[in-house]
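Presented sequentially are two complexes of subunit A, the first with subunit B as partner and the second with subunit C.
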Partner chain A sequence: MENLRLLLDEPLLSLQLLLDGVLIGFVFALPALGMALVWGVMGLINVVQGELVMLGGYVAFFLFRAGVHPLFGVPAAALCLFVLGWALYRAVVFRIVERDLFISILATFGLSILLQQLANLLFGANLRTVESGFGTLSLCGGAISVYTVKLISCALALATAGALMLFLKSSRRGQAIRASAQNARAARVIGVDIDRVYAWTFALNAAVCGAAGALVAMIWVVHPYLGLPYTIRSFMIVIAAGLGNMAGVLIAALGVGVAENFAGFVLGAEYQSAFVFALLVAFLVARSRWLARHRRYLA
Partner chain B sequence: MAHRIASSVAIAAVAFCAVRAEAADDSVVLGAAVSLTGKYAVNGKNTKDGYDLAVERINEMGGVQIARKTYKLSIVYYDDESTPARGAQLAERLISQDGVKFMLGAYGSGLTKAMAPITEKYKVPHVEANAAARELFTQGYRYLFAVLSTSDYYLRDALGIAVEIAKSHGRDPATFRIAMAFENDPFSLDIRAGVLEDAGRYGMRVVVDDKLPPEINDMSATLTKVKALRPDVLLVSGHEKGATLVVRQTAEMKVDVPLVATTQCDSAQIAENMPQKAEGVLCAAQWDRHLSYRDKWFGTAEEYAQRFERKFKYPTPYQAAESTAAVLVYADAFERAGSLDPEKVRDAIAATDLNTIFGPIKFDATGKNVAKQMVMYQVQKGAYRVVAPARWAESPIEWPRKPQW
Partner chain C sequence: MSRIACGAAWGGASLAAAVAPLLLPTWQTQLAFLWVMIVFALTWDVLGGQAGYNSFGNVVFFGVGMYACAVVQRDSGLGYFQGLFAGTACGAALAVVAAAILGAGLLGLRGHYFAIGTLGVGIAAGELAAGWDFIGAGGGMVPPPFPGGLGGRERFFCYLCLSIAALTVALLRWLYAGRFGLALNAIRDDEDKAEAMGLYTTRYKITAWCVAAFLLGLTGGVFGNLAGFIDPREVAFAGSTFGVWMVLMAILGGKGTLLGPIIGAVIFHVTKELFWTYLLGWQRVALGLLVVLIVVFFPTGILGWARARWPERFA
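So, the complex of A and B:
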């Protein structure tokens, strides 16, 4: 209660939390967009999402250590992960597309454990950080501080998401992806190489996650076990937004970011995740009620 | 066919020998489950390296003399994957399948808590160096011994420092306000209990008391609160992640608290990775290479650290030094017991009065080491300098912290 009073007494704090929440929401949005894409197009719940984020973070870290400016880490991580995503599709994922949902969850879960442990073996469990060297902006006489990297990462996340949507909307390959999402069989009939489309989709998802990972490395820390919270968050965001609703995913991600920040402030860090999950449950119950009423109305 | 049978017999023989070799006549086998994978993998490796260095050094010096016979030491390891359930399984396996009669500890209180009942059941001595939770020593365990200070002592010294500062600046310590964020695990919650006890004694008020979930990657919500409330002391414990996050995010969010103390910053390498952001941060540690501890195996603490670095090529963390000490306790106890009977060795361990590179070791009736003190570092100009206890201090404490951001 004391925290709540503090929040009400100092409106600038709310602004700070809101700002932070929105900015980190953009970082959450990237893997969620990727998950929505893979889920929508391939009917696959990709549990390996968080590990792709983690690997993107490592790409950024190693480039940074080699003396490359951290900002270049973002496209570089996206590129590396694109290749890895393609390879993963060709090696494993193509076997489980169009199979039972349970099998795909199990298989990608296995893959996520494998990648975690490989990362642990290859890179060690040490925490890694990328020091961007950017400062902090102080607003309102220091009452509000915005870490510049968060601003930059928000811009980069928007750019990545924008590029993804543009690609899906206007490129030939993007159209094929959307066609496959609508009806895979019909797309196949009119000559779309579904297998190739799936490979592209999975690789694109990996690239988007990789970009997110590079941002995570600049803002927080990277270690082999950071994946799960990102996977779960993405899952939650996609569930809340509904499939095939990219703008919804973005908004839900920002919502999760803001909710996490406020919950952490008011309830304490230990209830941060619990609160967000409770919110999801409440949201789903409300939505299904609303839908049920609509259905009755239509009938 | 005959060839195939011969080869399978050979394989079986090799496998058999491999198992029996561990119990060969002239060696004493210690068993350990350590975290080589999972979230404690960094500290797990520190632990294993510490054990290995001790074994190597003891064997290099001829081994241990038990009843006029010389034995070499060796260790059987398993990876506990940082999960307590797995640790308990492995303890069972080490004792009942591999025939280990002397156990070394795992990394972390959670794991040790799971393994102690098993070593107790089989009456196997269990000397551990990396589990500091206080509750381990309130269960009446007879076979569990810890060479390190229990975790409620980790950050008490930070409050002690705050009290001294308050007095020397003419302020009443009771006006100091504390913000704290501790990970929700037995280790950090114990530190919290110790801090709360002392804060109560000094009359200090706790204004932020957050418990960080183990998977936390972002402390900004907690730190926003800290920034708004302007406490005099900020205490954080959450293994390497807590240390890294608090250093990084207090700098980025410009949270200026005059006294910031945390744990595990040497293994998180905050001064090496973020010298500017870490400037002025206090770190609690079990041990430091500059302390004037010495023993017959390694010489001084500094010589130990140099030897460690030659072998493992990274700065010596205290987790390694304390792990080495656990093996030294065994070596000393074996010689005094003059026997490999677990019960006699257990009694010899209980009577330990030993100086090691890790500090003096003497167990109380509950099995914890009561002879050793914690040390406090401060990051000063990018290096860790011991600032407390006063007896070992390399330089005076810098207060208030002068942030470099």
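So, the complex of A and C:
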């Protein structure tokens, strides 16, 4: 509670937390965009999401250790994860796409355990980070400081999201993906290869998550078990925004980023992921209450 | 299977379970773990199989029961056995309360929202427990030592776990045979229709979760004493081991049946004990792989497969 009083006494501190929250919100938006894409196109709730972020972080870390500048880690992680996403689709995901939602949730849950434990075994449980070497920027005469790396990651996250949107909007493949999202059967009738579209969708999602992971490695640390909170956050953001509402995803992600940053400060960092889960439960409950009220209006 | 053969099989199995600890005294702890596994699989199946609601957070009730029992044993000042029984009762009650509160929120949601909603609950609970000094925080708790002689402890816990497993089987068999089981199956098959038929589906789901929580809470209290040490993340709220095993065992044996989870638990536990040590640290990877393989290629489980193979025997 001391932190809360500190927060009330220092208005600039709130501004600092708000700014930080918005910046990390952009990073949270990437896996959420990917989840919305996979959910919307393939009808699949992808529980592996967070593990893809984690693996992207490891790609960035190993490249950094090999002496590559951290900024190149972002496209490299996206590329590696694109390939991995494609492989995952060809190995497992295509078998569960058109099955019921329970099977897909359970199967991707199994995949997430598999990847997480594999990472633990191959990379070790140590915390790893990418030293970006960027300094901090001071605003308002030193009262507010912003890590430059957060600004850069925010810009990179926006660029990645923009590239994804552009791809979906204007490329031939992107149009096929959007057509399949609207009506898979009709798309098949007019000659879209649905299987290929799904493979592209899943791989693109993995690539976006990989880019997010590289940013996570630059801002914070990576470890094998960081995945689940990202999955939960993405899910929360997507249902807050509503499926198919990409601008909403971005706004919801910023909201989650800010909320989490304030909660992390008030409650202490060790409860941050507990807060994420609690927020999800609270959010789901509020949403079902809200929907129930609407249903009563209809009746 | 005819009624008599079925009864004979159940009777034979119970008899074998009752005399096994006497015949194989060195295996008593193993057997106790086996009974716990059977409870895990059966209680997961109440919502997961019968009602079609996958829960990834059932391990919470296990942990709640375990901690509640240990706290009662520590603070009540009762003797060992009185403390253990009071503790497990408290643990079960608290687990039911937890299930009712969580369920009131989460079970109004449809299947996949519920599944994701429960995904983080176990981990959040583990984190909270690891930060709460009253229950030992990250250092965990140690239940009081068993007062009897050396051999008595294993036998006591073996029979205690067996009785919980037997209670679970009997309770669920009774519940599934009646209106309650039918309601759960109706929810699994088509929840909208079930609701339109006048079932208060949310109430049934919450009750089902409370039943599972009650049994898990009991088991948790006993398991804390059996294990002799309570760690918040590795024993009580062990989402990545117990939490996954529950799901795996129930699906392996055949979800939505009474016998399936038992078969799954026995097979999983035996293979786990036989092969786990040869995997040299790859156990948890193998676990994830197993979940994927079973869910993708074998979703109906052993019993479902047998039912498709020999439909006349299940008529």
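Heads up, the rule we're going with is that the second predicted complex is superposed on the first by the 256 of 299 C-alpha atoms of A that agree within 3 Å, B and C clash if a C-alpha of one lies under 4 Å from a C-alpha of the other, contacts with A are read in each partner's own complex, and residues count from 1 in each chain.
Just so we're on the same page, contacts are C-beta pairs under 8 Å (C-beta built on N, C-alpha and C of every residue); 3 or more make two chains touch, one makes a residue touch a chain.
Please read these numbers as outputs of a predicted model, since none were measured by experiment.
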Quiz item: So, A:24: does it touch subunit B (first), subunit C (second), both, or neither?
Solution: first
Note to self: Is A:117 touching anything from subunit B or subunit C once the two structures are fitted on A? First, second, both or neither.
What the structure shows: both
Considering only the touch criterion stated at the top, classify A:270 as touching first (subunit B), second (subunit C), both, or neither.
-> both
Requested in this report: In the overlay, answer first, second, both or neither for which of subunit B and subunit C A:228 touches.
Outcome: both
Exercise. Regarding the shared-chain residue A:127, is it in contact with subunit B (first), subunit C (second), both, or neither?
Worked result: first
Considering only touches as defined above, state whether A:183 meets subunit B (first), subunit C (second), both or neither. neither
Margin query: Which partner chains sit in contact with A:171 here, subunit B, subunit C, both or neither? Use first/second/both/neither.
Written below: neither
Considering only touches as defined above, state whether A:16 meets subunit B (first), subunit C (second), both or neither. first
* Partner chain in contact with A:107 - subunit B first, subunit C second, else both or neither -> second
The shared contact residues of subunit A with subunit B and subunit C are 117, 120-121, 228-229, 270, 273
Interface with subunit C, subunit A side, in the complex: residues 45, 47, 92, 95-96, 99, 101-103, 105-107, 109-118, 120-121, 228-229, 231-232, 235, 239, 270-271, 273-274, 276-278, 280-281, 284-285, 288, 292
Note: in the complex, subunit A contacts subunit B through residues 3, 6, 10, 13, 16-17, 20, 24, 117, 120-121, 124-127, 129, 131, 135-136, 138, 142, 145, 147, 149, 216, 220-221, 223-226, 228-229, 260-265, 268-270, 272-273
Note: in the complex, subunit B contacts subunit A through residues 37-42, 45, 181, 184, 209-213, 215-222, 224-225, 228-229, 240-241, 244-245, 248, 252-254, 268-269, 273-274, 405
Subunit C contacts subunit A in the complex at 52, 54, 56, 102, 105-106, 108-109, 111-113, 115-117, 119-121, 123-124, 127-128, 131, 240, 244, 247, 251, 281-282, 284-285, 287-292, 295-296, 299
